[in-house]
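Following this line, the structures themselves.
You will see two complexes here that share chain A, one where it goes with chain B and one where it goes with chain C.
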Partner chain A sequence: MRYALLVYSDQSSWDGIGEEEAARLRAEAMPQWITLFEEMGKADPDVVGYELESASEAKVVRVRDGERIVTDGPFADTKEVVGGIFLTTLPDLDEAIRIASLVPAAAYGSLEIRPLADHGDAG
Partner chain B sequence: MKVMALIYADEAAWDGLSEQERAGVLERYVALAREAREADVMLGGDELAGTRAATTVRVRDGEVVVSDGPYAEVKEALGGYFLFECATLDEAVDWAARIPAAEHGAVEVRPVHVDEEEVA
Partner chain C sequence: MAILARVLGDLELAEDAVQDAFAAALRRWPRDGTPRNPGAWIVTTARNRAIDRIRREQAFRRKAELLARLERLPTEDDDVTTIPDERLALVFTCCHPALAVEAQVALTLREVCGLTTAEIARAFLTAEPTLAQRLVRAKRRVRAVGIPIRVPPAHLLPERLPGVLRVVYLVFNEGYAASAGDRLVRHDLCAEAIRLSKLLCVLMPDEPEAFGLLALLLLQGSRRSARIGPGGDLVLLRDQDRALWDDEGIAEGLRTLERALRMRRPGPYQLQAAIAAGHAQGSSPEAIVAVYDELARLDPSPVVRLNRAVAVALAGDVEHGLALLEELDELDGYPYLHSARADLLRRAGRDGEAARAYGRALELTGNEAERRFLRSRLAELGDER
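And then the complex of A and B:
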């Protein structure tokens, strides 16, 4: 089964912290990321992951009555916003849950697992 | 730059369409993807199964907490994405405006932080 693992976290916790503090936090989480990538790679060598730029850089596009309306993003007004996405093929939901729980953000944000639709593939 | 166009739309509206209407919408997506490929801006895309099929995972105090359903109950849910390779964010906005869901939902355009990352 193909899954998308959506990584939700409160990106505002990164706002206003210094470069040094950000680097320290990243270094602290590094062993967890290494474990995640090892486990992901073992489960699916073809897994891909995308980290999105901060939601403050997002633009939201709507078209109404043929008119394009572009606003500064993000789309969602929830505290936690999607900050990354993994696409992976795994045997079942249990394995997807195991992998999702290894993502560092699962400990302070949320991981949403969504199967990919098996039709209308745009790729 | 790589830019992800996140597609948000009302799932109930989609569920309310006839088979024929859905086929028409999907055809527009396929046509847009083809055009983006021909323009060399198309890197990929996927449609997500509906939020009914979602599972949310959190780890709190070392315990894995699993719940059925999406991260948040919202009227317009993330339903898919396109990944574009564009010269500028404005160019990505142009492509995003052509995604059918922009006409009733919304498309969020976000640059991808690092290159497509082979984590294997």
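And then the complex of A and C:
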């Protein structure tokens, strides 16, 4: 099964945090990230993951009645936004849940597990 | 069915293949004689039918992988001895928390108990097409989100077992106190739940809560004939004719409970079974309150607190029981809160308030036998409705 793991968190909680404090928080979470990458690599050596730039950098594009409208994101009022994504092939949902709960953001944000649609012909 | 489902990870495909195999058996066994090992014959035939079905759609990469897995299955000459594990795997799959609870119940009855869609629809008073659709959606979901068909590894078992036991309990409860319709007890569902619960005990002989649940179902089930009077009406525990209790069921329930308790890992089902055992053996109300105290510590859910409040009142302290019921606002939509309150108010001689509470319970319940009971109580209080 191929899964996308979407990492949601409240990025505004990083606002107003000084450089030093931010560096300290990142360093604190480091061992968890290392554990995550070790476990992910064991479960699926081909796993890929990306961190997204802050949602405040986002642009939202819509085409309505043939007219293109570009606005600044994020487009929803929810506090939690997608901050990263993993694409991975795992044996089943239980394993996906186990891996997702190892992502540090699961402890303060949330992880969304989305199976990739299988139309039978995907490579 | 369980074996193929597990190998294929696809309930729909497995079910179709097994149906093909049984159809083939119906045609061939009368003509060629019953094979030496009918179970293995079915597995082998179903395996071959599954291969046929997959070959027909071989354009799909996923199916090629399934073909390889089928090739590795034991054939008729090998000994098929792993059936219990396969069946347990199926139970855990059907009760996976990624499925809605009602889908878990329906899927378990269909895939594990082998009930037909029509039987399940009848048992839950649902239209057959609705139920069939629910089953199809659940089976698709198993495949689409990758719910594994296997017994969870040891580290997942503690969080998954309660879900499985709850599904069995729900099946029993729907049979024992039907939430709608005009019959109070549907014996077929009770019997199915007891069978399922026995299967879990056989498959997981070291899980005290599995035995606790079985003991609870046996003890409650042993009273089910006495719960309904001649006119199909509800008969309360204290008014029941004990001669109608099933002594054998009670004895089996007590033995099962003993076995669970010997493992020295108490849990909510064992304690509920202990309470049911207390009722069956005529224990003192105080002893029953003591078990409720223990249960409320392990499981402080509102329904447990409701039952504990009633036990406290029956042990003599009606006012305290009523005070405990007042704390249960979150159960306002639950008819048994109001009927229990009404009963205690009547004992306390507060007839006006009792009538109002019976009235509220009557508004909330859909079961005809229970409605008749509530109306008769209202009539005793001089309120005809």
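Simple rule for what comes next: the second predicted complex is superposed on the first by the 118 of 123 C-alpha atoms of A that agree within 3 Å, B and C clash if a C-alpha of one lies under 4 Å from a C-alpha of the other, contacts with A are read in each partner's own complex, and residues count from 1 in each chain.
Please note the rule applied: contacts are C-beta pairs under 8 Å (C-beta built on N, C-alpha and C of every residue); 3 or more make two chains touch, one makes a residue touch a chain.
Keep in mind the model is a prediction, meaning the values are calculated, not measured.
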Q. Touching A:Tyr8 in the superposition: chain B (first), chain C (second), both, neither?
A. first
Q. So, A:Asp46: does it touch chain B (first), chain C (second), both, or neither?
A. first
Q) Is A:Leu93 contacted by the first partner chain B, the second partner chain C, both or neither? A) both
Q.
On the A-aligned overlay, A:Pro115 touches which partner chain: chain B = first, chain C = second, or both, or neither?
A. both
Q: Considering only touches as defined above, state whether A:Glu28 meets chain B (first), chain C (second), both or neither.
A: neither
Q) A:Ala55 contacts which: chain B (first), chain C (second), both, neither? A) first
Q. With both structures placed on chain A, which of the two partners, chain B or chain C, ends up touching more residues of chain A?
A. B
Q) When the two structures are overlaid on chain A, which partner does A:Asp72 contact: first (chain B), second (chain C), both, or neither? A) neither
Q. Can you list the residues of chain A that meet both chain B and chain C?
A. 93, 96, 113, 115, 120-123
Q.
So in the complex, the part of chain A that touches chain C is made up of which residues?
A. 1, 3, 90-96, 113, 115, 118, 120-123
**Q.** Of chain B, residues touching chain A in the complex
**A.** 2, 4, 6, 8, 26, 29-30, 32-33, 42, 44-49, 51, 53-60, 64, 66, 70-72, 74, 76, 78, 80-83, 89, 93, 96-97, 102-103, 105-114, 116-120
Q: Spell out the part of chain C that touches chain A in their complex, as residue ranges.
A: 9, 59-63, 96, 98, 144-148, 152, 156
Q: Quick one: which bits of chain A touch chain B in the complex? Just the residue numbers, please.
A: 2, 4, 6, 8, 36-37, 40-41, 44-53, 55, 57-64, 68, 70, 73-76, 78, 80, 82, 85-87, 93, 96-97, 100-101, 106-107, 109-117, 119-123
